[in-house]
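Below are two complexes that have chain A in common, paired first with chain B and then with chain C.
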Partner chain A sequence: MRSKDLKMPETDWVLLAMALFEATGFLLLAFFRGFDIVPMILAVSMPLLLAAQALLLRRAYPHMDGYILLIANFLCGVGLIALYRLDPDRALKQLLFYGLGVLVMLAMTFLVARGTLLRRLRLPVMLLSLGALLLTLLIGEENGGAKNWIDLKIISVQPSEFVKVALVLCLALDLSEKRTVRQLLPVGLFAAGCVLLIVLQKDLGAVLICFLTCLTVYYVATSNWLLALFGLACAAAGSAVLYRLFDHVRTRVAIWQNPWDSPQGSGYQIIQSLIAIASGGLTGLGLGLGSPDVVPVAESDFIFSAICEEFGIVVGLVLLLLYVILFARGLLLAMRARSSFHALLSVGAVTSLALQTFMIVGGVIKMVPLTGVTLPFVSYGGSSMLSSMLMLGILQGVSIAVGQQDESEWRLARAREEAQEF
Partner chain B sequence: MNASAYELLASLARYWFIALALFIAVRLVVAVLREMRIEWRVQREISEAGTGINATLVLLSDEDGRLRRGKLYPVEGETTVGAAPRCDVRISSRSLRGVHCILAMEREGLRVVPVGEAFVVVDGEVVERRALAHDGSTIQLGGLVFRLRLEEENAL
Partner chain C sequence: MKRNARAVLCAMLALFAALGGYFFYAVYNNGSRWFTTPYNTRLRQARGSVIAGDILDRNGTVLVTSAADGSREYPTSRETRKALSHVLGDVQGQVPTGAESFLAADLLGFNASLSDRVSQLFAEKRRGSDVILTIDADLQTYIAQQFPEDHNGAVAVLNYKTGEVLALYSKPEYDAKHPENFAGADDESGVLLNRATQGRYAPGSVFKIVTLACALENIPGVQERTFKCEGVYPVTEEMDLIDTEGEGHGELTLEEAFAKSCNIAFGQLALELGEDKLRATAERMGFNGNFLFEDLIVYESIFPQTMKDEGELAWTGVGQGNLMAVPMHMALIAGAVGNGGTMVEPQLVLAVRGASGGESSRLNPRAALQCMRQDVAATIEAYMIETVENGTGTRAAVEGHTIAGKTGTAQVNSSGGKYSPHAWFVGYCAEEDFPYAIAVVVENGGSGGSTAARLAGKVLSRAIKNAQ
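Now for the complex of A and B:
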């Protein structure tokens, strides 16, 4: 086996197809509302950015997972095309967050790959997360029944998005080294505090993601199925209580069961989403030829139905397949990791992203009640984009750590074999 | 470009998008499966050739006198040691906690991390947070005393 076998096999054809997809999308948009120069520039710059990241980063850091990098960036590109078609101003803002997200992803990659600095940041991250959630409760703004935004005049921030990342980091750090109840008390209290504060914000989508991520990481770390089952039972009981307490939860369950009860009222959004997906059919109506803007918040929660309407269900299914590949690669990293810290980080990041994707895609196609979360990498939203990129950084950091360990062991194995032959 | 020309172009482009999406999906699935096979081969080659260090705990003494002296406990990767059934190395001893300590092989030696208030001594020093043990080190876990043996795998 040659040393290059350890690196990723060529994915240049995939990269080329992804670049062509993005370039064609933006080129079409350049002529959509008369001639527009901005999509023309994006038709060149977005594929270049995709190629630069895939080729340069892979060359500089051969242990980065090239598939995860390609897929996440392609999803961002498709999201930008859909957004530009819906609202060009928001698409340009999202482009800014995408650029920022790439930097944030790189920073997180190196933090995770090195690991030591992360341990020192544990307490500040915990305090900052709880502080931000508390501040949201005090001065936050309500949106769709949930009080989960802080308006900082220039931009609005959704702290619960970043708390997901903090939870994954702190849980992996503590559960990888500590076992007794007393040792796990701080991180347990932190997780419980976060979940409670998000419940008080009535942001039930984020509650579900945070709680189930904590439970999964805990179960993977300890194999304590009794406590994990108890946690699931608590979640079920908690959901029943929240259903009785919050009006908007009852409304969402009701429109999930039968949106046709109120086609012009609360059921309007989901009905329009279903009509959009159905009218697109397998091949879609064509970019710019549908009317995805009829669906309220199509640019954020309902972007998947907007994509299905104009690109078709086939493209929608391919996007879901890309998510599945991304999550499978993440879980594979967890299985290859030598230290439980890296394995737990990977499991946490994948669980959080996968739950989020399942909840929003399931909500949009009326498989589960709507929870108002965003589609990772695709939906409009700065906080969502940055938190998804941070999760991506976690996976890449684990990939570098695992790859370096594999390579050094493999070299040693080769040297040993050669010595034996000699 | 007038509206009807754009409509024609967009209608045709949707087949192009579908072709590209399907191409991406098929190539990625094939490449990921191929990559998984390569990774599996590398892992197998590493484990067959033996790359790391074999760590073994050799029991020197047991204060209860129930365990046989000289009994070997292999340590693989990251290992939990304790009296609970969920531990990787389970030792039935009243002086051990459920999960007593975590052992992990590192480049410099064996990292020993006591769990909670567990009593752990490495080379005569009580360990509070973590310690590094080397070949020949004495490790005391509760009332059990071990000698650490580090050997290169498949030693020539």
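Now for the complex of A and C:
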């Protein structure tokens, strides 16, 4: 018997709606461009995978957050539908990473829930992150002005994606236990090193995400808003410096200010994105009936526009709402957590994912200058998928830990009550 | 820590609320413009796979239809087609403000309702929606016939209560059926330009409506004043204010000064009001504003941001200087006077008819600007009626109806040879049943009181007749 507040919210209806959405999407794709058996299989297997995760995992680990789990997996499903429509080969690759992602998510969940092993991994993770970033600088490949890829023959890796996870882990570990400047020096140096190396890669989207995540976690841990504000001021000053230093930053800002200056040149991407969104209108053109492939890199950076075109702005807004629910539940976990380690972990994971979502969605609708980051769970990209899934694992680990705390406390209270009755 | 996490939660919610809000706002405001840009390849593709819908006028006359092979056909007479060509535009998008481009989302079925889409699921070629314009093809053809030969210019007619645009004529004419004849037409001739919505002209004395509104709102008792006009009034050492009449109007009340279009009186008023007040009134009426209406784009009229001296201020008060006005905008201002000070949003689409026949109204009368106080509008109306009854605008009179108006004779500044001034008339029918406002510009047409006012009177009379 469990008390009411420990019971998980009812998610069956949400699960059903999401499963139906995925099944319909893949079914439509099966008859798009002639009959295709692969989406037919996916139409059955994806909803099953969704349901299996939601029902089996929740049964085995009742303290996992059902909403977070459902939403993240649903977003992956929507991403796969959009990808399959754009490029079936890439979708199948992404499917592989999605499967892999579920596994690393589970691994991370247990790491976080158990906790002790994580402490021992701290130093290797730090060294590995810095090493990977350095390696990227040396042998990396340039992509859209940023040098943030390593080609490992079979697959390409984007180390900055994983560094985000490492930062969240290390910051939470150190800031929850250590207080003095000297104690915090290693993690401070690590964070500064990461940000600096990513700046050198000219991957400014990742720089912003890492820096602001560090700042937020630091603020939540220490309540030192003065220093946090100072950090923000530094970020503003740093942006100004980067603006003058890097050509492609200036171009990005100029495009953001007025893409219509060169609709066929530098403004092409963003204008095509706006046109795609506008063409879809509120309810969308219908899956397969639009031309989202006109937008360059529709499968990763601009996937939100591609989805808006065919599914409609309403679905775009619903996706945003789902993200908000996911992030809000993550932060509610942080508020419920007894240990500051767990609280900081979920604040870090949510901040990183939320900033990334905001920057790319804001970018493709021309609200903020475009930074080439991916839409978590949805965009095409192995590194991005795995890193988003690792963040999800962090949140689930915290959820389990928090749930177990609550339950043991409740047991204790109950035992006391029973003892008093005697 | 719990409190800090809550702060992060609030910040996150605010950030995403802003994102969602901006998203919705941006698409709502600019969506149709984004969609109809020539860079939207979907439109080109769709023309191959979708049979575009018809374009009809308010009386059901089919202006453009699609042939079996999908090409566009024009069932009306050559005269009507040419008169309407700027409104219709062409499939190549040479006149990007035309209905073919601007309303492409409807014509090509991008906005089709769910039932329309389902009913066409298995059709070989989908069909777009028909668009019913607010335009009166007969009235527009009549305008083309009556427009002075050998002159270019523009006419805009609208219902100032609902915003329905009845006519939007621009000359030189363009031919939507043969856009290839105009390919690469140079900007000089401006044949691809819809002068009624995109032409910028010095307004001349029609701007005195704005100066008058500003004076009525800012100078108490100005109606009781008298002005002395001797034909010339020195403002600065090098600049005199000159009246077109030369000898001067003698002693005048404000109403007489308006009806006779006395430059001396209105120049003095502008000097007394000052640049800032005049600009404030002008901007309240939409000068320097961005008119991105849902159905059509009206270029912005310009009230200069800075003035070099008092001389320019005085001349601005009588509609010269560096002022620029768009005919449609002036028609909207005249309409606002008739509508008690409220400017309506002009509307070009009456209804849209889906492929399966369901018609949905798109007329959505709403205010665009609150231009002036109601009592000020009533006074201006009285002065404008006096102008048509006894002042410079007598030729605009329509027998049996009350017409309010203001003439304008705008000097054309040019370094080269001497040009005749542009002739303006703006006004409206001041009757509940026939709420029609009009703006006429005849380029180099001479005095506004003769050419422009005469044309306006004929057009208003036809509009009233068509409504009966």
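Annotations for the structure displayed:
As a convention for this text, the second predicted complex is superposed on the first by the 409 of 422 C-alpha atoms of A that agree within 3 Å, B and C clash if a C-alpha of one lies under 4 Å from a C-alpha of the other, contacts with A are read in each partner's own complex, and residues count from 1 in each chain.
In the analysis below, contacts are C-beta pairs under 8 Å (C-beta built on N, C-alpha and C of every residue); 3 or more make two chains touch, one makes a residue touch a chain.
Just so we're clear, the structure is a prediction, and the values are computed from it rather than from any experiment.
When the shared chain is aligned, chain C comes close enough to touch A:V361, but chain B does not.
Of the two partner chains placed by the overlay, only chain C lies in contact with A:L331; chain B stays clear of it. By the touch criterion defined above, A:S223 lies against chain B and chain C together after alignment on the C-alpha atoms of chain A. By the touch criterion defined above, A:G99 reaches neither chain B nor chain C. One of chain B and chain C touches more residues of chain A, and that partner is B. In the superposed model, A:G131 makes contact with neither chain B nor chain C. By the touch criterion stated above, A:V347 is placed in contact with chain C alone, chain B being left untouched. Judged by the touch definition given at the top, the superposed model places A:W13 against chain B, while chain C stays out of reach. Of the two partner chains placed by the overlay, chain B and chain C both lie in contact with A:G286. When the two complexes are overlaid on their common chain A, residue A:G265 makes contact with neither chain B nor chain C. Taken together, the two structures place residues 223, 283, 285-286, 321, 328, 332, 340 of chain A in contact with chain B in one case and with chain C in the other. Residue ranges of chain B in contact with chain A, taken from their complex: 1, 6-7, 9-11, 13-18, 20-25, 27-29, 31-32, 34-36, 38-39, 41-43, 45-46, 48-52, 77-78, 80, 86, 99, 102, 104, 113, 115-117, 154, 156. Only residues 1, 5-6, 8-9, 11, 13-14, 17-18, 20-21, 24-25, 28, 31-32, 35, 67, 71, 74, 177-180, 182-183, 222-224, 283-289, 310-312, 314-315, 318-319, 321-322, 325, 328-329, 332, 336, 338-340, 406, 409-410, 412-414, 416-417, 419-420 of chain A touch chain B when the two sit together in their complex. Residues of chain A touching chain C in their complex: 216, 219-221, 223, 263-264, 271-272, 274-275, 277-279, 281, 283, 285-286, 290-291, 294, 313, 316-317, 320-321, 323-324, 327-328, 331-332, 334-335, 340, 343, 347, 350-351, 354, 358, 361-362, 365-367. For chain C in complex with chain A, the residues that touch the partner chain are 1-6, 8-9, 12-13, 15-16, 19-20, 22-24, 26-27, 30-35, 37, 39-42, 45, 105, 110-111, 114, 117.
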